[in-house]
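As written, the chain order gives the labels A, B, C, D, E and F, with residue 1 at the start of each chain.
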Amino acid sequence: MLLTLILAIPFAGSLCASLLPATARRAGAWLAGGSALTCLVLTLWLTPEIATSGIIKLRLPWIPTLGVDLTLRMDGYAWLFSVIISAMGALIALYAHYYLSAQDPVPRFFAFLLSFMGAMLGVVLAGNLIQLLVFWELTSLSSFMLIGYWHHRMDARRGARMALIVTGTGGFCLLASMLIIGHIVGSYDLDAVLAAATAIRGHRWYPILLVLLALGALTKSAQFPFHFWLPNAMAAPTPVSAYLHSATMVKAGVFLLARFWPIFSGTDWWTWIIGGAGLCSLLLGAYAATFQRDMKGVLAYSTISHLGLITLLLGMNSRLALVAAVFHIINHATFKASLFMAAGIVDHESGTRDLTRLSGLRTLMPLTATLAMVSAAAMAGVPLLNGFISKEMFFAETVFVTGHWASRWGLPLAAVVAGALSVAYSLRFILQVFFGPPATDLPRTPHDPPRMMLIPCAVLVLFCLAVGILPGLFLQPVLTMVMRALLGNNVPAYDLQVWHGLNLPLLMSLAAMIAGIGLYLGLRAHDRRVPGQVPLIYRLDGRQTFETLLEAIDAGSARLLSWLQTQRLQPQVFLLVLATGSVTLLPLLPGGWWPRVTLTTPAQWSFGLIWLAGGACALAAAYQAKYHRAASLMLAGAAGLATCLTFAWLSAPDLALTQLTVEVVTTVLILLGLRWLPPRIEEFPGPTPGTTRWRRRRDFLAAASTGALMAVLAYVMMTRPPAHDSIAAYFVQQAWPLGGGANVVNVILVDFRAFDTFGEITVLGVVALSVYALLRRFRPPAETIAAPLRHRGGMPATFEEPDLQAPLPDGTLRVPAVLVRLLLPVSTLISLYFLLRGHNLPGGGFIGGLIMATGIILQYMVGGILWVEARPLIRPQAWIALGLLVAGAAAMAVWWAGKPLLASHTLDLALPLVGTLHLSSALLFDVGVYMLVVGATILMIIALAHQSLRLHRKLVEAATPALTERGP
Amino acid sequence: MEWILALAIGVLAGSGVWLLLRPRTFQFIMGLALLGYAVNLFIFAMGRLRVDAPPVIDPAWADPASYADPLPQALVLTAIVIGFATTALFLVVLLASRGMSDTDHVDGEEHRA
Amino acid sequence: MRFWLQHLPVLPVLIPLLTSALMLLTRDSQRRLRVILGAGALGLMALTALMLVRATQGIGAPRWPDDIGVYLLGNWPAPFGIVLVADRLSALMLGLTAVLGLCAWIYATARWDRAGSHFHPLFLLIMMGLNGAFLAGDLFNLFVFFEILLTASYGLMLHGSGKRRVGAALHYIAVNLIASFLLLVAIALIYGLTGTLNLADLAVRALALRGADRQLFDSAAAILGVAFLIKAAAWPLNFWLPNTYSEASAPVAALFAIMTKVGIYALLRIGSLLLPAGAPAAFGGAWMFPAGIATLAFGTLGMLASTQARRIAAYAIITSSGTLFAALGMPGATLTGPALYYLLSSVLALGALFLLLELTERSQSFGANMLAITQEAFENDDPDAADLSGQAVGVPLPATMAFLGLSFFACALLIIGLPPLSGFVAKFSLLSAALRTAEYGAPTVNVWLLVGAMLFSGVAGLIALGRCGVRLFWVPEDLHVPALRLNEAIPILVLLSACVLLTARAGSVMAYLEDTAWYLDQPDRYIEAVLGQDQHDFPAPAPGSGGPR
Amino acid sequence: MSATILYWAGGFALLCFSLGLGCAAIRLIRGPGAEDRVLALDTLYINGMLILLVLGLRFEAGLYFDVALLIALFGFVGSSALAKFLLRGEVIEP
Amino acid sequence: MTDLPLWAAVPAALLLVLAGLVTLIGSLGLLRLRSFRERMHAPTMGMTMGTFCVALAATLIASLLQHRPIVHEWLICLFLFMTAPVTAILLMQSARRRQRGGPDTPAKAE
Amino acid sequence: MKRLFRALPLACLLLILWLVLNDSLSADHLILGTAIALTLALLTPILRPVRARLSHPLTAMRLAGHVAADIARSNRDVGRIILRGRRADTRPGLLDIPLRIRDPHGLAALACIITFTPGTVWAGHDPVSNVLTLHVLDLSNPDGLTRMIQDRYERPLMEIFE
């Protein structure tokens, strides 16, 4: 329960802080500090229990099917980290309160800080690998937010993004490794995993698992070669650097390595990967730190170096080294955080962190200087400070390394070099800033900050001293508890003491100290010449490399993408055709499907002739479509007629009727559109470019093969005996007895499969609405407005309002108008005829509706839009709506008879004279179809036709600029 | 008959596909129309060919074997209407595209080699 | 109540249809009425979807054998008439559609529904198409509903007009029209070979196909598969998608987040039914996995290569499709449950992202951008819509930027698959299930390929969305706090809370989905339920006049 | 006997009509003017209608009559729309 | 059709043959005549004689077979009669207008 | 009531059409047909403001006979011209014919007759001067043609429609 509280309090605090107004500085700090302190108290409260029972565990179910639970688990190791996190959190809250300026949105800062704290606590308290990962990534995310806190600065944005990408990527690798662990162990529970150490080490996936885990841990801990994000993360406010980037978050990686040390260590893989990375970071970080110009840069690189030290210790496969590593984790957290705080104070007070500008601050801010000096001494490993003890332990470990001569000699040497470098950069850090002549060109005159701001720093320095002087008293019991948590009963014997006697490590220490001082003195010249430039490796700028890499990724992916995709339609269609063709052919490749027994209907000459003409027309339509649009339209119409005749010939009268009417309406529709297309004069006959020729050939091949494929498929299918128990037989048999109609097609449409029809009329309605909506925003092409209309078929150049009262149009259209208007009642009658008889004979709602619509379109053609619309005729939109509603009503009427939707229902009315009248819901449904088809067709055609009006208005407006009111 | 119809379907489909691969919107819409015929005939052909056997039944003699398969016909009917609707929509879209981009290229811009 | 319950499976289709018809009787200018109607319809649809989800779990009022609701339209027995089938998968998708649709619609009522005519009817009709496609138990009926949802999507895609949008729509429509042809050809072939259109019946009859018939059937299925793969945006058939999705108006793009999933649903459904007969290549067979990996890689590449936020979101859709393909293409049903979870999470997240991005763009440079959008969207010739631009400005809500920023952050987490939201759970569960398949004999290479591709896509998402977020929220000096309406903020909040809920209740959701997957792996139940359904004889509430049939 | 006579006569007529259809198709393809094409299309429709009528006679089915009727009624719509387009530049004027 | 008496079958057959020939000649005219205006006249043959003859034959056969007058084929003639001028007038006008523009009128931009 | 009366001729025509279409004289078709025909006839004037007045049915019958005979004859003539092809020394050309008939329906009927007769096509009509322009395939006898149209067609049409 207390564990839940420890985890929940920071998050709750974060939520509260985020809700605070932007000006609530003090409240935010109190909230953060209070939460951290509460956590600390709670953790300490648990100490006795941890000390006695070892582990406290709490399990809440989350996704049981995947074996993921929320397990909170605190052992000695987790306890140690909880204490560090919460204690540092409290100190940082205090420090940050003074550090942040009035312009900053302080509550937001504390909200992120607290959420980070919660996440970090979550990482250490996680008893389930996946849960650990969740919090692990949360730390990355909150770190991202905190680094980017001053997001108006570019370095902050860059640093934040870099940190996020590097640690996030590591997180994904960690996820993979956790998945593999879970796969091997069969559980994500930490205890189960720890118990399965041998199984994991022996598994064939162990190497890849280790690599992935190392990627996760090393990125998080900023280890070589992923160290570069840490210096860039220094764009964060200093409290963040002190907290996340020295004391806690970067420790998550080594936390994890130590946590899994019992499982993974002991193999060569482990040594090489972890130890190698640690060694590189140790040396590289120390080397780079020596030359940094930015105070925080020095600290960042030294952090890399120290974390490298810890990693190296972990990679040494020795239990004593593990002890040293854990010990150094504690020490590093204290002295580095205090150094960061000091650096932050200097920055805050003087306005700069540039080592070349700062000088002689000792006199101006003595308290800060003292604190910084002590911490730096701890960092350098000066005796009587905690850094010394852990360094001694490290030296001792390197001495005992066995194995290859290179590692036997190289490791101690490297240790000494690193020690010397750390002395050098610590010296430089202190001497440059606090000694020497007082600086004069600082942005602000520095002085000691308020006392309260110094307190966190002081507390940490005190801790350094205490541990450094009496390590056995302060840390021995804690360390033992931690080690028991990590190693169980295999805790090695060790002794934390300042003085172990004169031994090799001490000599190494001394050598490092002397070498460091010498190095500092020797490098001053270089430092003055090119301040901040790291010799030899300055070209290996991690940030630059990273940015270049990112840009390369962006550019490379853009290039690859442009190669892998296209924005143009033609290649897309080509690909589509190609894909379809090939996948269709694939199953047919083995052969054996060509019909052997052919059931052919005897061929007819006339039929062949029809298709000779139809096919030729289709080809010609394809050929003419570019330059002779109207011709192409007519030719396609001829092919359509051939289709219609085919339907009729081959026993599909309904289809023939529909095809014919649709054909007519489509022709009118496309003709209405043609006028808006640009004139296309046949290009001057010249040599066609080779690419074009090639493309045409390719397209021709694709088209021809598609045609051939379709033809073959059609032929094979037609000559194949029909499926023996096709559902069609049922329709034929039951159409009359159950469907009450003789025209099976119509019965299928309005009864058996009426739902399809319902959907289909909906499609028609939807299209009509879309067309209407789109055309409301139609814009006539520029040149149709610019060029006088005379060139386009003799329309008047100016717009004359047609005479709406004239009974007949003048001119050529007079005689056609007489005839066509006479045709309207006739066509309406015929449409009703086709509608009503549909159930028994070819016809039905579609055909009827299209006939009716054609009749009305004809009126528009001879009468003109305005003339026709001056008379109350039809509201297409309402017809669409009514059509849907009528069809719906017909479909739903049977509900009240206890039948499902669309069941047909007949009502027999006995009428005098007539006899019984069959009123079938299917007929009503067909009436709905009829109405919708009429409405939709008319709406589309008329909407398109109305664009002429729009153009005319534009022309009128263009002609008479004064007259800009809209027409009726 | 079968081979004639199969060839017809092939020719229609081939012309349609050729047009679909062309760069002008009008060519595309004609391609849709031609391909539409081909597809409709193809669906229709799946019911196998019958001459003089329209599925308008004599109530007394509803033997499935003596009538053409009505189901593909119903499907084609639906397909014709949907094809009509989509042709109309595509037409309007191409007009809108033409009005806004001042070109009738399918990509809304001219590609000059 | 009981009366309505017995018609429950058909209501998700009927409600939007009739409501949109009613809307058409009103004028476009009677917007308030349309909004009320729309709210009612969408609310009812959500309610229906909820009841269906409960019913298919065996909880709640209509009790169906095997918890599969079969509705015989026209009361024709199963292979002959059309059936609607509501099983767990359908109900799940219906629920998802309802939530997403409701949110996108609410968002649209703030502004977008006035950017052109007939937004509300078209929106309802696309919902109808989606619902119908998820319920269809008949191949041709599935096609019809695909057409409804596609045509409505064309209309909605064009909603608001404008050059770039129309250009993108042209491609979208062109490709989908061709896909529709393919669908038709494939359905015709399948009918010609098996003599049936009913999916359950097809599953039975496919078993009996031998030799040449089977070869031809595989060809037909391949064409069908290509058609669905186009709709589901598989590489290399998905080049239309980035433009389309990034140019569509925000609520439409948000709703489109589920459009690609319809294709995946169809593949899953048909693949599941054809499983006993040997699933054809596209339906969980040989190509699905490679297609998935290719799509995933392509989407990832696209996210990396894009600079514009909307395009990143569009490529994220492709990535999610690819992930789903690859997951469903792995052998066995182990990955189906997690894949469905991933589907839920990614649809909700992408929907929220599309809504969000528009608001964010509004914050960039208020003056220029907003005006441009408004002019583009509201330039209209009819006087009643001309002066709406003034109203389009909302009230600045407090903490707008924080809200937008956090929402974007949450969306990014969901899409990348970073903890703690459901994106992570989805990714994790998919990967862990993928590793589990290695035990059941899936090729190890495939497992590693999937794991690697998914993790890499996560990294790429991190890079791309990180950059995008930094650009949107951190770079601009003069971030203008956009005027936000409550009904623009609430949908985003709802979608994200849904994701949070998915995360918090991951255990029970996952259990439900695993059950769904299990049912999908056992198509016999579905087939029995459909083919064994007796003709309905619902207890009539009132004596009907005349005898039914 | 009479059936045979009619069968052959019908066959002959069908052939003639299809040949006529072919002629019209040639004119339709060759042009040269747009008007020629419209005229050819019109002829095509007439020939098609006649084919249907003869088919109706041959198969003794009234169903063909409906299609022919519709061609007679609406066959002209397409061609007159085209003609009007040629004449006025647009099919439906304000 | 076997029930049909020979005296009716022969004229009906002749009518059909005549219709076929007339229509074919008309359509042939479309190819053989030189100018558009001349060609305008040719298809009318099929529209008139062809349809008349077929309708007559149909009426004859159907009436005899069904033992009652069947006249609905004549509706086709009626409709053709009613609708024929519409296209013709428009086409002629279009052709005349174009000719007036002279042979060097730029190609129509259809 | 007056409207109903005026709509009657058209309604009758439509009813006949309906019955012919349905090929039936049964009671239900009669009733349905009457209803539909009446409704349509009543609704039609909305879009058809000019009404035709018909009289002299006998003249109409005679005219129909003439037209049929002329069509047959000109079919023969045109067929011959086509078959002769380039050898035929026909002189196609335009012919102006002054008309007296004014009624639009009469003119329309004349147009139908002229167009329906092979060999002659309506090529234009000037409403002001009331001159009809014809295109004639074989303009060997322009006067005869003018007379034929004026006497054989125009006069009966005027009788019928005016």
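By our rule, contacts are C-beta pairs under 8 Å (C-beta built on N, C-alpha and C of every residue); 3 or more make two chains touch, one makes a residue touch a chain.
Not measured: the values here are computed from a predicted model.
Novice: Starting from the Cα centroid of chain A, hunt down the chain whose centroid lies farthest away.
Specialist: With centres defined by C-alpha atoms, farthest from chain A sits F.
Novice: Point out which chain occupies the most central position, where each centre is the mean of Cα atoms.
Specialist: Per-chain C-alpha centroids compared to the overall one single out C.
Novice: Roughly how many whole angstrom separate the Cα centroids of chain B and chain F?
Specialist: 39
Novice: When the C-alpha atoms of chain D and chain F are each averaged to a single point, how far apart are the two points in Å?
Specialist: One centre to the other, that is 22 Å.
Novice: Any idea how many Å lie between the Cα centroids of chain A and chain E?
Specialist: Averaging C-alpha atoms per chain gives centres 67 Å apart.
Novice: Could you give the separation in Å between the centres of chain C and chain D, each centre being the mean of its C-alpha atoms?
Specialist: Result: the chain centres lie 48 Å from each other.
Novice: What parts of chain F, by residue number, touch at least two of the other chains?
Specialist: Expected reply: 17, 21, 23, 108, 111-112, 122, 124.
Novice: Mind pulling the chain E residues that touch 2 or more other chains?
Specialist: 26, 28, 40, 42, 47, 72, 75, 79-80, 82-86, 89-90, 93, 97, 108, 110
Novice: Residues touching two or more other chains, restricted to chain A: which are they?
Specialist: Expected reply: 567, 569, 573, 604, 607, 614, 628-631, 633, 649, 653, 674, 680, 710, 713, 717, 722, 726-728, 731, 753, 756, 760, 763, 766-767, 770, 774, 777, 792-794, 812, 815-816, 819, 822-823, 826, 830, 841-842.
Novice: Which chains are in touch, pair by pair?
Specialist: Once each pair is checked, the touching ones are A-B, A-C, A-D, A-E, A-F, B-C, B-D, D-E, E-F.
Novice: If we count contacts the way the header does, which residues on chain C are in touch with chain B in the complex?
Specialist: Touch residues, chain C against chain B: 140, 144, 147, 151, 154-155, 158, 161-163, 166-167, 169-171, 173-174, 177-178, 180-181, 184-185, 187-189, 191-192, 197.
Novice: Which of the residues in chain D come into contact with chain B in the complex?
Specialist: Going through chain D, the ones touching chain B are 59, 61, 63.
Novice: Which residues of chain A touch chain E once you look at their complex with the stated criterion?
Specialist: 628-631, 674, 679-682, 792-794, 812, 815-816, 819-820, 822-823, 826
Novice: If you look only at chain A, which of its residues touch chain D in the complex?
Specialist: It comes out as residues 604-607, 609-610, 612-614, 616-617, 620, 628, 630-631, 633-635, 637-638, 641, 644-645, 648-649, 653, 656-657, 660-661, 663-664, 667-668, 671-672, 674-675, 789, 792-795, 799, 802, 812, 816, 823, 826-827, 830, 834, 841-843, 851, 854, 857-858, 860-861, 864-866, 941-942, 945, 948-949, 952.
Novice: Under the touch definition given earlier, write down the residues of chain D that touch chain A in their complex.
Specialist: So the residues of chain D touching chain A come out as 11, 14-15, 17-19, 21-22, 24-25, 28-29, 31, 34, 37-38, 40-41, 44-45, 48, 51-52, 55, 63-64, 66-67, 69-71, 73-74, 77-78, 80-82, 84-94.
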